[in-house]
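In the two assemblies presented below, subunit A is common to both, partnered first by subunit B and then by subunit C.
And then the complex of A and B:
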């Protein structure tokens, strides 16, 4: 089968999974982010060399034959952020990337953001992102490196489709206003205390402003052009900030900005994938009315069997525990995949329940056993 | 005089302005009620723990509660004779080697202190040797290991092995917590227990402390 045929088959596998149509085999989604670097015999410093990264991606695809990739070593633009100070650094032993925590917007700056977010970004936020001694030359170098990184990422996305014959999981990545606070502007601690300390009206005004200016146009663009060939869904969204929210807070600050995206996808026959960190079943009631065929959730800590019972209308990606891939036998891994496929049934894509990042998250032997099994097993 | 019941309720309700006003009143009146006020804040933290368990509060509320508790100690510190919260004994808490996450650890620390533990916080990226040395030097028998990365499980396992090699394992209780932990991880690491939330850590450590004291 050539790459074009593979891509067509894999596209059908994912479309069927979204639509709860029966698949002849289990689609396999790679949630591997940096483990493959170790598998190929390198350490994290490989992230500085695009030729090595491409070689690692090629070998990884050749060896395990995933149907779809969340990451192709294109997540960490180390060389691009470094000239400005960088928020990421590689640990001394080369086995982990450490991300420095920083707050880019102060608790007192919500009104300033609403008044003129562009001005705040350029006068305050960007400065806080950079090292204090950053110069114009550093900025120039950073921009040049970003272009190079962009070229590498574009090349890998294209290679994934045209040479591997595999799908890319990310299409248009969009996030709700609270996610932007949580992940970028205010951080985990800041966004948590803001929910209590900042005037509720002002918080909601910020959410509306952010939604109108940044989120909605992004979603409109994605929906207007529809799912692109070679991609698994129309829209992808991260679900991380919910981890600090109570149900009441979720209902007030999160759901009103996520629901319209899901509704619009349903209306237009498009799809949305949610990449969920930690658990989300405590918010299950909000998703009960999502029509089948619209949404897929990449699960992390939720039990996939319980998830299927609680939300039979939402397709599942995930299920394979990193703990098992790293510490069990091939036979145990394969038996568990069989159990997942048999019990969850249609509307299921096998993936890993963590971003597979570290050396001991998986063994080659286990992953080969699982990869071979999903190619053969008739659901 | 400050109404301590009301202070505990305000803390439980996470009413920062009311809590701070009451604590400042305690200090303005000479600080003689400082220990009582600390106890009231700790009582409030227990209310917060119960509301977390019932689902009314969630992680963001615990982060905020931790900030309130730190602020409370800061206001009262000059009038507090001792560190407060004596009774449950000493224990070690840290994020293990190669993991730099501290938010979960700090939430757990605030809740343990509110329950009377003297928490020796060894910080983040903590080598096993540091934990072993501290156990020996400070005669500590309860150790709580935190981690967010799957990488942390390896460090937890090495830490338990180091505690065993030092001959301290039989007289120690070890609990692990954080995103990658579960029953299988607990067994793999060789810990005595694992906790999916801060309140469970508190409950488990309280039971262990009571058993050690018996």
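And then the complex of A and C:
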């Protein structure tokens, strides 16, 4: 089968999974990130060499034959972030990327953001992102590397589609305003304390402003062009900040900025995928009325069997525990995949329940066993 | 921004974080020092040619970078 035929088959597998149509085999989604580097015999410093990363990706695809990829080693553009300091660093032993919980916007700056976000971004947010001694040459190097990284990422996306014959999991990633606070501007501690300490009206004004200026145009662009060939979904969003919200806070600060996207996808026959960290079943009531065929959730800590019972209208990606891939036998892994496929049934894509990042997250033997099994097993 | 002001900036100068003059000056410095295509002499980044004569667009391009880099 050539790349074009593979892509057509894999597109059908994912379309069927979204639509709860029966698939002849289990679609397999790669949630592998930097684990690939260790599997190929390198350490994290390989992230600085795009030729090596491309070689690692090629070998990974050849060996495991995933149907769809979340990451093509394009998640960590260290060459672009390091000249300015950044918020990530490779650990001394080369086995991990360490991320600091960081504050780029102060609690007192919500109004300033609303007044002129471009000014705040340059004069405060970006200044805090940079190391104190950052020079214009550092900035020039970072900008150059940023765009070169963009070229590398574009090349890999195209290669995935045209040479691997595989899907990219998402084309447009957009997050709600609260996620932006949680992940980037205010950090975990800052964003959760703001929910109690910052005037509620001001918080909501910030979220409306952010949504209108940054999120909505992105969503409109994605919806207007529809799901692109070679991609598994129209819009993807991340669920991380929900972990610090109560149900009432979710209803007030999160849901109003997510629901319109889901509704619009349903109206236009498009799809939305949610990449969820931790659990989301405690917010299940909000998703009960999403029509079948619109939404897929990549699960981390939610039990997939329980999720299917609670939200039978939402397709599931995930199910395969990293703990099992890293520490069980090939037979145990394969038996568990069979149980997942048989019990969850349609509307299911097999993936890993973590961003597979570290050396011990998986063994090659186990992943080969699972990859071979999903190619053959008739659901 | 004027040519004189651009010449006055040096690579080891700290990034000027005032707004909007700082970002305009920084943008002009950055895009005048980025590696050019050896054949055409143009600056082509991720498939887009940067027009060095359009000062306001340079600042806008740098602003887009600023609002993206901290996501990564």
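General remarks:
Just so it is clear, the second predicted complex is superposed on the first by the 379 of 379 C-alpha atoms of A that agree within 3 Å, B and C clash if a C-alpha of one lies under 4 Å from a C-alpha of the other, contacts with A are read in each partner's own complex, and residues count from 1 in each chain.
Quick note on the criterion: contacts are C-beta pairs under 8 Å (C-beta built on N, C-alpha and C of every residue); 3 or more make two chains touch, one makes a residue touch a chain.
For clarity, every value in this text was computed on a predicted model and none was experimentally measured.
When both complexes are superposed on subunit A, subunit B and subunit C end up sitting side by side without clashing.
In the superposed model, A:8 lies in contact with neither subunit B nor subunit C. Look at A:282: by the touch rule set out above, it reaches subunit B but stays clear of subunit C.
Of the two partner chains placed by superposition, only subunit B is touched by A:188; subunit C is not. In the superposed pair of complexes, A:243 makes contact with subunit B only, with no contact to subunit C.
Of the two partner chains placed by the overlay, only subunit B lies in contact with A:197; subunit C stays clear of it. In the superposition on chain A, contact of A:228 is made with neither subunit B nor subunit C. Taking every C-alpha atom of subunit B against every C-alpha atom of subunit C, the smallest gap after superposition is 19 Å. Taken together, the subunit A residues at the contact with subunit B in this complex read 91, 93, 95-96, 98, 188-189, 191-193, 195-197, 243-247, 249, 278, 282, 301, 321-324, 326-327, 354, 357-358, 360-361. Looking at the complex, you find that subunit C touches subunit A at residues 9-15, 17-20, 22-23, 26, 29-31, 33-35, 45-47, 62-63, 65-72. Note for the complex: subunit B touches subunit A at residues 14, 16, 55-61, 63-64, 67, 98, 100, 103, 149-151, 153-154, 179-180, 182, 184-185, 188. Subunit A meets subunit C in the complex at residues 76-77, 80-81, 84, 86-87, 104, 118-119, 121-123, 125-127, 129-130, 133-140, 142-144, 146-147, 150-151, 154, 183-184.
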